[in-house]
Structures are given as structure tokens and as C-alpha cells.
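Chain IDs A, B, C and D follow the sequence of writing; residue 1 opens each chain.
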Amino acid sequence: MIIILKKNPEEKQLTNLMAWLNSMNISIHPTEGQTHTILGLVGDTSHVDIDLLRALDIVEDVKRVQEPYKNANRKFHEDDTIVKVGDTQVGGDVFSVIAGPCSIETEEQICEVAEAVKRSGATMLRGGAFKPRTSPYAFQGLRGHGLELLLKAKKLTGLPVVTEIMDLSQLSLFDEVDVIQVGARNMQNFELLKELGHTGKPILIKRGLSSTLQELLMSAEYVMAGGNDNVILCERGIRTFETATRNTLDLSCVPMLKKLTHLPVIIDPSHATGISWMVKPMAMAATACGADGLMIEVHNDPKKALCDGAQSLTPAAFDDVMQAVNAILPHAYKMPKEA
Amino acid sequence: MIIILKKNPEEKQLTNLMAWLNSMNISIHPTEGQTHTILGLVGDTSHVDIDLLRALDIVEDVKRVQEPYKNANRKFHEDDTIVKVGDTQVGGDVFSVIAGPCSIETEEQICEVAEAVKRSGATMLRGGAFKPRTSPYAFQGLRGHGLELLLKAKKLTGLPVVTEIMDLSQLSLFDEVDVIQVGARNMQNFELLKELGHTGKPILIKRGLSSTLQELLMSAEYVMAGGNDNVILCERGIRTFETATRNTLDLSCVPMLKKLTHLPVIIDPSHATGISWMVKPMAMAATACGADGLMIEVHNDPKKALCDGAQSLTPAAFDDVMQAVNAILPHAYKMPKEA
Amino acid sequence: MIIILKKNPEEKQLTNLMAWLNSMNISIHPTEGQTHTILGLVGDTSHVDIDLLRALDIVEDVKRVQEPYKNANRKFHEDDTIVKVGDTQVGGDVFSVIAGPCSIETEEQICEVAEAVKRSGATMLRGGAFKPRTSPYAFQGLRGHGLELLLKAKKLTGLPVVTEIMDLSQLSLFDEVDVIQVGARNMQNFELLKELGHTGKPILIKRGLSSTLQELLMSAEYVMAGGNDNVILCERGIRTFETATRNTLDLSCVPMLKKLTHLPVIIDPSHATGISWMVKPMAMAATACGADGLMIEVHNDPKKALCDGAQSLTPAAFDDVMQAVNAILPHAYKMPKEA
Amino acid sequence: MIIILKKNPEEKQLTNLMAWLNSMNISIHPTEGQTHTILGLVGDTSHVDIDLLRALDIVEDVKRVQEPYKNANRKFHEDDTIVKVGDTQVGGDVFSVIAGPCSIETEEQICEVAEAVKRSGATMLRGGAFKPRTSPYAFQGLRGHGLELLLKAKKLTGLPVVTEIMDLSQLSLFDEVDVIQVGARNMQNFELLKELGHTGKPILIKRGLSSTLQELLMSAEYVMAGGNDNVILCERGIRTFETATRNTLDLSCVPMLKKLTHLPVIIDPSHATGISWMVKPMAMAATACGADGLMIEVHNDPKKALCDGAQSLTPAAFDDVMQAVNAILPHAYKMPKEA
């Protein structure tokens, strides 16, 4: 950590600051520049409150040298983490494809989709029971009953299931869920993250709409600090000024995250673009730059769908995506051991 | 709601779409343009899922004409809402100033600050007991014990208190809290919002870092849909590319929100700028453009503070802000009845 | 174009508005909704000033149905545009790779890089003579002399050359330049775009840091409106809140632009990420999702470089990128005729 | 400047780097941390290319301690700059109000507006002759003829005039223009800025849509490096995700710029909001937080205006804004000498 002092710092405040730092076993190496004095701090600065330092009258700026996350940090854990999920895994040599409908609607729907995506090569089934909806007047999901239907589809196909939790109070219902998803809007619901750190279950954390990669890793750190290392990161588009797509898919995050952390990284092109025909090219791009997997919305309920075009992505279209992705996969980017 | 169809829409899909809309008592007024056909929908479209429509093969785009929120909408509720809080109120003729420390630390600290801000004219006391911190290693607040200290300061000064809830499970501890704050990171924690809709208590909702005004109003709508109209909106800076300030304070939201909604709007310049000397000018600007109040961090604990400069804003500096604000107040912008 | 009127519009203003629209041969189809009246406009609305309409007292909002660009619009020009450049082309069956140093420094440097990138399969040579630099104290490029050196490298290798123009006054120096580049900061330098529309030369337009795809297409439209259809679009990263990379590479723009326009689209992963090791994975991703080519910085001047690590991407690293890209290429996404 | 080295830097590269820095008379103060070595650089680092340093293999990050601008820097020029314009000035004790139409249309129009805004207290007249328009099909301004009309209005009223230049080639027409405006889209048109640095005329630079304050100051530095210190900065809204207003007015920039620089800062609420009724509250807020002036669009051409509501802001509405601003002005924020 580096502290940049203001010109002519008040003596007494400087003495206080240095005494306080020393009391935390941090040694201080000053450099006198022409217009500023810089203090280089040596020691464990992870508990130093950077905002507090910045608030001091004599301090112009504070800059971190070390990342504020440890458990998630590649520097302290060189090998890729592999998250075991039922008979499959996320990370390592397996390319994970998590597919299924946005919302679970009926047993028939979720089971049909499950069988279809399994045939096409999906490794896990997704389906929403608790739905975060911007409007209180929109369908909020089948909730507990939705989970039951999802578990029937799991039983039928053997596919592990991934579904979103929206509140701590729902946790007891997730016993047989294989991967618990934390949605983008809950990425900084710290009470929820802390509790999930005690479950031991694989946790898939979606990056918040306007969260930096460092904030995403700090949220992973919350889960890992509780003793649960089974964390999967998922990019699903960030909010920018561009309106041609629903969000902006930040694919650069794939190699960057894999450099910063040992945790697996998957991409959700369905939510990122919000446009079903764009899922295919963006899934291909995500595969090419080294993602560990994909999360894709597949829908199939012709009897209930309001008209033929309503499916976000049909099982047939998903099968086409899988073939395209599989053709890219052998040529995909592999992170060298030292980037 | 307006549906813009693609060129030469498939006949059967169009028939299905129109039958489906008719089944919801929505009448359809088509306009044939040179390159597109437009369907104007007349009727209650608030339950129509706009994303579903957009996903249809034959639809190029869908545009809302009406706002998706009702209870919060100024169009259906012309008069300003006044939220009663203890002996004071937010909105109407009272300019609310909510002041206090970021974190509650000791009884002495919170009580001293409470007395000081009361003397300077604050109408309510704030203080954090449950603290949302980006890092799991940072101080997480005194939690339940912090609430107890806050209530002592309330008793001592008579100031109503505002404090943040982070999870539904904490709700039972908030009985004597006057205003429950929903933090920016929880603005779309819909389960929490729903439950707060049943409390009847004043709820202060902070705008999310990257939330649009419409999303903020939809979150207010969640609370109001549960029967609780005592909602206060608070802008505290949005995330942009600019790094000179911690966030970008969006003051245009004051007149815009007051046009869109009847709910009171307050501004938090402390979090928006992250820089204590900027609180004064931005508080003055917020007052000038018609905000209903301010939320300001004031800190005073010289014995524990690590050195003299550590206070985010001292009681003396807060007093100076109050005088500047009070000088602006008689000249502040008043929204005309019809903007 | 759709006009949404305010409730109870003033009669005289409405009559004026309708007369004015009729005077432009636009017919008006009103739909009376419950809370609003909508006017559907039929006719050529491309000359109607949307901001003027929005400013009217009686108008709540105006929404465009048609894109404001014509020459660049895929709807009016179904086939892909192929831009001929010397013996090669951009678009169609050729995958273009434009490689070379950021700045032209010496004859030796530019010629060595030119030969190296040609060997690895580059189709064109880039090199900066006029350099847009944020600081007036930074090296501003060799300017006219740089262009001379670039043309020597062209002569030596036969590679067509791409280089940036910064001001109209430089245009006379660009006679033998094959592709004139308009930089991101000049994307909306409309006087420059207009003049380039009269040159007949291929123009490569880089998307501005915070420009929407529609604005990029409007800039292309400026060139095309002057009679020059040889426009190449280039994405080079947009500005967002994320700071882990210099900019955020918006790869979704590849399929989206190819749907909106018939112009070729290339990607510059060097500027987008600002990090040389990330060029390879992002070049692979760009290729996978259907880009028509890449623009990559390659540097090689060991004698002048300040130490061994200074090269943005060495010729050897570029060769490695080319092999990876070529392996992806046969499996890359192809836009179906009707997306 | 601080260089953070990677763990175990390659010896030869480190020696090269240090020799190169020493050759520029920069002395190096290393601090060995637990995981990183930090080099504190002492000396004039303004000519060191930070991107070059970042590109080195052995460097993890580089952080600037000093601002990269000098002439514009408050640290080296404590007193406020006052820009003299005709008989008036920008900065110091004068609150400047620059008012007038977006586009100059006729002599009658510009003269009438000029007289009206003068009566209400405007200190300068604005009017667009060369208009940067997103669409090549939109009205591009009266250009040279527009300037002539503007100068007639100047003669009539005695108000100094402000108008935008779009290209260097237009410069000869600006002899009698009092303040040359550089538009937001040209803020980083460095060739133009350099040339304006040689004119000696007051230059008003509008902040680019997605430009940081530091970039704005670097553009001012371009003009000042040419010997022209008469620079006025203007904030006119930045691009964010919010769509309720055209841009997001960043009023925090007023105190922040006044801390960073001695140059005067004015606010354009018309472009920032794009909504005429919002000009008044935002002008009031800008005044309250210490801006040196305002730039406001006023339009008045009832005979040509397409209907009564078409004026962006009528002279009567402008007069109302002026009264509101004048009531705030005596109570406005004054930057203390040492913030």
C-alpha cells in the first residue's frame, strides 16, 4: 500500500498516522519527491481501511499494491480450481454447459427441456423457481413448487441442477439443488454470501450489472472466507451506454479473471444480449477466448407459448449452438501457466 | 404500448398475437407505414410482458407509452406525498436533514454526534449498525448492539432514527427504528422490498449504483404494492467512467423524480462524492434544485479516531453546511404544479 | 415515427403540428389510448427533426421506427459490401489482418515489422504517422516524414497501408495511402467525414469511446452520403466503469453491426484491452463471432526499445496469434442471410 | 510516479529500466514489500510515457502521483484566472451568462434574442453557425453567413459573442468572434487545439461526452502549451446509462475542477438535460455550488417556429431563470483558498 501525502503535512497528524501504522506491525518507507512525500507500507495491509486513510487531512491519495482478496487470488493458489458437481465438474478439462428455461412453468416443460438439452450435450440443467422481476406485477416464479418440478427433471435425466436463491429464508429448500446461483442483483447481498459460505455447496455468482471484476472477486471472497471454495464466476453482461443490446457482454473478463483468480469462469450470452439469435455467435466467442463453460436459456412449451416465435431459444437452435461451440472448443485459448 | 412489426410478418403468428392481446381486453389499432406496420395497443397493458413480445419472430420492437409504475406515479397522484416520521416529516414544507456517523461505534460517540447535529438543525439521526462492506475482512458493524446504542441516542435527543437493514432476518430488531433504510446494493432485493411493504414503516430507498430512475421507482412500487406508501427516495451517486469523485452525483434526478413521482426525494452528498470537503457545495446545489432533504455523514470521536483529520465531517463542519443550506433554502426551486 | 402526445393537448398547437407534418407529405394516423394519444406518421420522416418535435409543449415523447441511416442500412442493401484495397479486400471471403506498429519510428523499424507481419499472413500494414496524444508533451508522431517511411515499407513488401488522418489539412499527403483511418476521437469530426466522402478511398472508421452503434453508422453515413461507399467499421473498445482493462471490448457489436449494415466490421483487440497478452484470446473471440478482420499492434525495434520487454506484441507473438486465429477461422460464425 | 514491479523481476530488464530512468535525471527510491517491490521516482516525470512503462514485462502497474498538466494546474498557479472578453470577463467576481439560440437562423431572430437576453442580464451572446449534427441529412447551420448575422447582433447590442468552430479551415472567419467554442465532439481534436493555442483569443472548451476531468484539463493544456491562457471550461453533461435525461449533468465537477485548476468553469444545463423546463432548477444548482457562469439556449422566432411550444426556452422563461439564479448568487458556494 502506498500513501501519498499532501505538501507540508501537519507534523502532529503525521506522527499519529505513523504510530498507528506501526501499531499494526506495518513498517513505513518514505520517499521525498519534489512535490509530494510517498510512504511505502510494508507488512500485512489487508486490514487497513483504505477509505479511512483517504479521509485524513494530510493524505492526498492511497493506492493499493496488493489485491484485497486472498482466497480467490491466483497468486496464492496457482492451480485452477475444479468444482465437482454430481458426476460432472466445472473447470479443468470439462466444458460445462448449463441449459434450461428462464422460468420453470410445468413439469412437462422442464422435463422436456431437460431431456432435449441433455441429448445435445448440456452438462447441467438450469431453471428459475424464484424469479427476480423488476415489476411487482410480473410473474414471480413458481417458487417452492418450481423447485420440486426442477428436482423431478433432475431425477429423470440425471443432470445436476442450478437455480437461483433470492433470500436466506429460502435456503432450507435448496438441499437437493446441486449449484446455488446468486443473481446479479444479489451479488453484493453480503449476508446471503456469508451464509452460503457455510453450506459447502457449489455457488455460482453472477457478476452485478455494474460490478467491477475486483468487486466480483470480493463477493467470491465472502463465500470462501466462510470455508466454501466451490465458487463459479459468471459474466452476464454489464450496463453501459449502448442500447443495441440489453447489456454489453464483457468477454475480456474471461482471460483477465483467469489471470486474477483460480476459480472457473462461465459466460451467459442469453442475458448479456437479450436477443436469442445472438446467443450462438457470442457463445462461440466465449468458447474461443477460454471460458470454462456457458449458461444458456432454452425454452420449449409450444402449447403454452403464446405464438410460434415465443421461444427464447428452441431445443433445435440450442443443438445448433452446441455443434458450433464443439467445433471451436479444440482450438480454444488456453491460459499459459504464466501470463 | 406500441408494437412495431417486422416487414411482411408471418400471417399465422400475427393472428395468434392479435388473438392473445384481445383475450386480455386490449384493442389494437394498426398503422401501415412504408417499411413497417405499427400496432397501437389500447387498454390496460400493465400486465403485458414486454420481453415476451420482443422475443416474437414477427416483432421488431416494442415501446411503452405508459410508465410501468402506478402507485408511485405522479400522474395518478398529483399531490406530494408527506411521510410522517415521529414529530417531523419528509416532504411538504419541511426540509429534512438526516445526519450522523457512518458506523455506530460507542454510546458516547453516537450520543455526542446526535446532540451536535440536533443543535445544528438536523431533523433525524442516522447511524449504521449493519454495514455492507465490500470486503469480508472489514468491520461489519456492531449489528444488534449498534441498534441499541442508536435507540439510546434517540431517547436522549428525541431525534427519529434512520438505519439500514441488510436482510429480512434482521427485521424484528427494527421495531423502534423510525425509518428503515434499504441500501443501494439492496435496491433490487425484491424479497426484502416485498416484506417491507407490509410493515407500514417509512422506508428510505437508496438508488442503486447503476439503477435508472425507472428502476428506482419500480423498487418503490414493490413496497407500495404491499400497501405501504411511506417511501422516501434517495440519490447517492451513480457509477460512471469518471474517477475524480467516488460516484457521480446525478442532481438532475431531483426535478425529474419530482415530475415522475409524488414521493419525496433526498440527496446524500457524502456517499456520492466520497470527499468530505465536497459535501458542502453539493448539499447547497441539491437544496437549490428542490430536494426535500439531505443525508449527511457526521463523525466525532476524537479519542478513538486515529488522528485529528479522520473525521468524515466534523460537527463544526456540519454546522457550517447547515448555515449555507439554510441561506439557499428560501430561494430554492419549487416544482410548478404542471411541469 | 411515432409521436406520443401529452394528455389533453392544447388544440391550436395540435392543429399547427398536424399542418406542419402534412406540409411535408406525412400522413398522420392517430390512436386514442386511455391516457395518451399516439400519432403514427406515415411517409418519409428522415428529414423530420426529432429534437424539435420533442421540444413541443404538447408532445410527451417521440419514437423512431426506422433507422436514421440509409446508405449504410442492411435493409436497403442486402449483400455484404466488399471494400477493395490494392490486391486484397476487406469483407467477403477474405479475413483481413491489419498489423504494424503504433508509431512509425524509423525506416528500419517499419520495414522490419512489415516484412515480419507479411510472413505471418497479415494482409495490410498499419503504422501511425500523425498520433493523437492526450498530452501535448507526448511524442506527436513523425507526421509527413512518417508517411514517407510507411510508403517505403509498402513498396518493399507490397502490403497496402492503413494510417490515421487527424485533420483535413493533412489530406493531400494521403494520396498513396490505401486506407485512411479516422480515429475514435475524430469519429464525429463531421467536416472531416464529409470531405473523406469525396475521396473515393477506403475509409476505416473507429468507433468512438462512448459512441453507440447507431452513431457509428451515422458517421459512416456521412462518408457514404458524399458518394464514397468504401467504409470499414472498427470496434476498439468502449469506455465503461471497469478498470481492469483499458477499455471494454464490445464483441456483441460484430453480429449486431452485421445485421444492421452491409459494411465490413473489424476488431482492434490491442487498443481495446491495452494489455499485450490479452490480444491473442480476444483476437480468437473476435474471429469466432464473425468479424471480417483484425487490427493488431506489432512492434519490433530492439535497439531503440528501452528494454527487452517493451514491445507491445513482438513479431513472434503476432505469429502465434495468427496461428490461433487461423485455427478458429474455418469454424467461425457466419451470419445467416436472414437473422 | 510510482512503479510497482512484478515478483522476481528479470535482472537485466530491471537494470535497463533503471538506467533509462537515470538517463532522464530521475532518481529511484526502491521499497521492498512482502510481495512486490515499489520504485518511487523523484524528478521531472512529466515526459515519461506511462503506457510504455506499463507495457514492460517486469512492471505490474504504474501510478502517477503528480497530475500530468502544468499550466492548467492550480498547484502551480494559485489565483483564479480571469478571462477578459470585451468589456466583461469570465471568472473572478463576474457571473457570466452566455445565452442565445442553438442555431442562427435569420438576422431578425438573432437580433431579437440578443436584445432580449441582454435585457435579462446575459453577459454574452451565443449562436451556432457551424452545427455538428449526427445526421448528414440534418441542417448544418448557416456557416459563414451565420457568423455575419451573429456579428450584426453583436454590433447592435454590444454583447460579446461565443460561437463554435468545427474545423481549422474555418479559423480565418473567426476574427471578430470574441470567444471561440470547441464542441464536446472536438474536445480531443488535438490539431485544432494546438492551433487555437496560437490565437490568443478566449477559448471555451466543452467537456466531451465521456471525457474525464483529467482529459478535459489535458485539452486545456494543449491550448495553454501554445501560449494561450484564456481558457474557459464548460460541463454540458456526460454519457451514462441513465436515459431519463439526454445526458447526466455532473455538477460535482464544479468544486472539483476549481480545486484542480485555476481556470473558470461554466455549466450548460440546456444540453445536459435536453429538456427545457429542467434548465431552471439545474441552473440554480450550478449557481449554488460555485460555477462561474451558465450557458443557456434561448430561442425566439414565433413566425418561423412550427407552433407555439417550439421554443427551447423563450426569452420570458430565460428571464425567469435569471431571477432565480440572481436570488441564489449571493449565497453561492465560494471555494476557500485551501480546500
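Here is the rule we use: a residue touches a chain if its C-beta (ideal position, glycine included) is under 8 Å from a C-beta of that chain, and two chains touch if they have at least 3 such contacts.
Values in this document were obtained by computation on a predicted structure and should not be read as measured data.
*Asks:* Tell me which has more C-beta contacts between its two chains, B-D or A-D.
*Replies:* B-D
*Asks:* Can you tell me which chain lies farthest from subunit B, using the average of the Cα atoms as each chain's centre?
*Replies:* C
*Asks:* So, what's the distance in Å between the C-alpha centres of subunit D and subunit A?
*Replies:* Chain centres of subunit A and subunit D, defined by C-alpha means, are spaced 39 Å apart.
*Asks:* Counting only Cα atoms for the centres, state how far subunit B is from subunit D in Å.
*Replies:* Subunit B and subunit D have C-alpha centres separated by 31 Å.
*Asks:* Show the residues in subunit D shared as contacts by 2 or more other chains, in ascending order.
*Replies:* In subunit D, the residues touching two or more other chains are 210, 239-241, 243.
*Asks:* In the complex, go through subunit B and note every residue touching subunit C.
*Replies:* Touching subunit C: residues 2, 4, 7, 29, 31-36, 38, 40-44, 61, 63, 65-66, 75, 210, 239-241, 243 of subunit B.
*Asks:* Okay, in this complex, where on subunit A does subunit C touch?
*Replies:* Per the stated touch rule, the residues are 210, 212-214, 238, 240-245, 248-256, 260, 272-273, 277-278, 280-282, 284-290, 324, 327-328, 331-333, 339.
*Asks:* What does subunit C use to touch subunit D in their complex?
*Replies:* Contact set of subunit C toward subunit D: 10, 12-13, 16-17, 20, 46-47, 49, 51-52, 54-59, 68-69, 132-140, 166-169, 185-186, 188-192, 194, 209-210, 215, 218, 221-222, 225, 239, 274, 276, 306-312.
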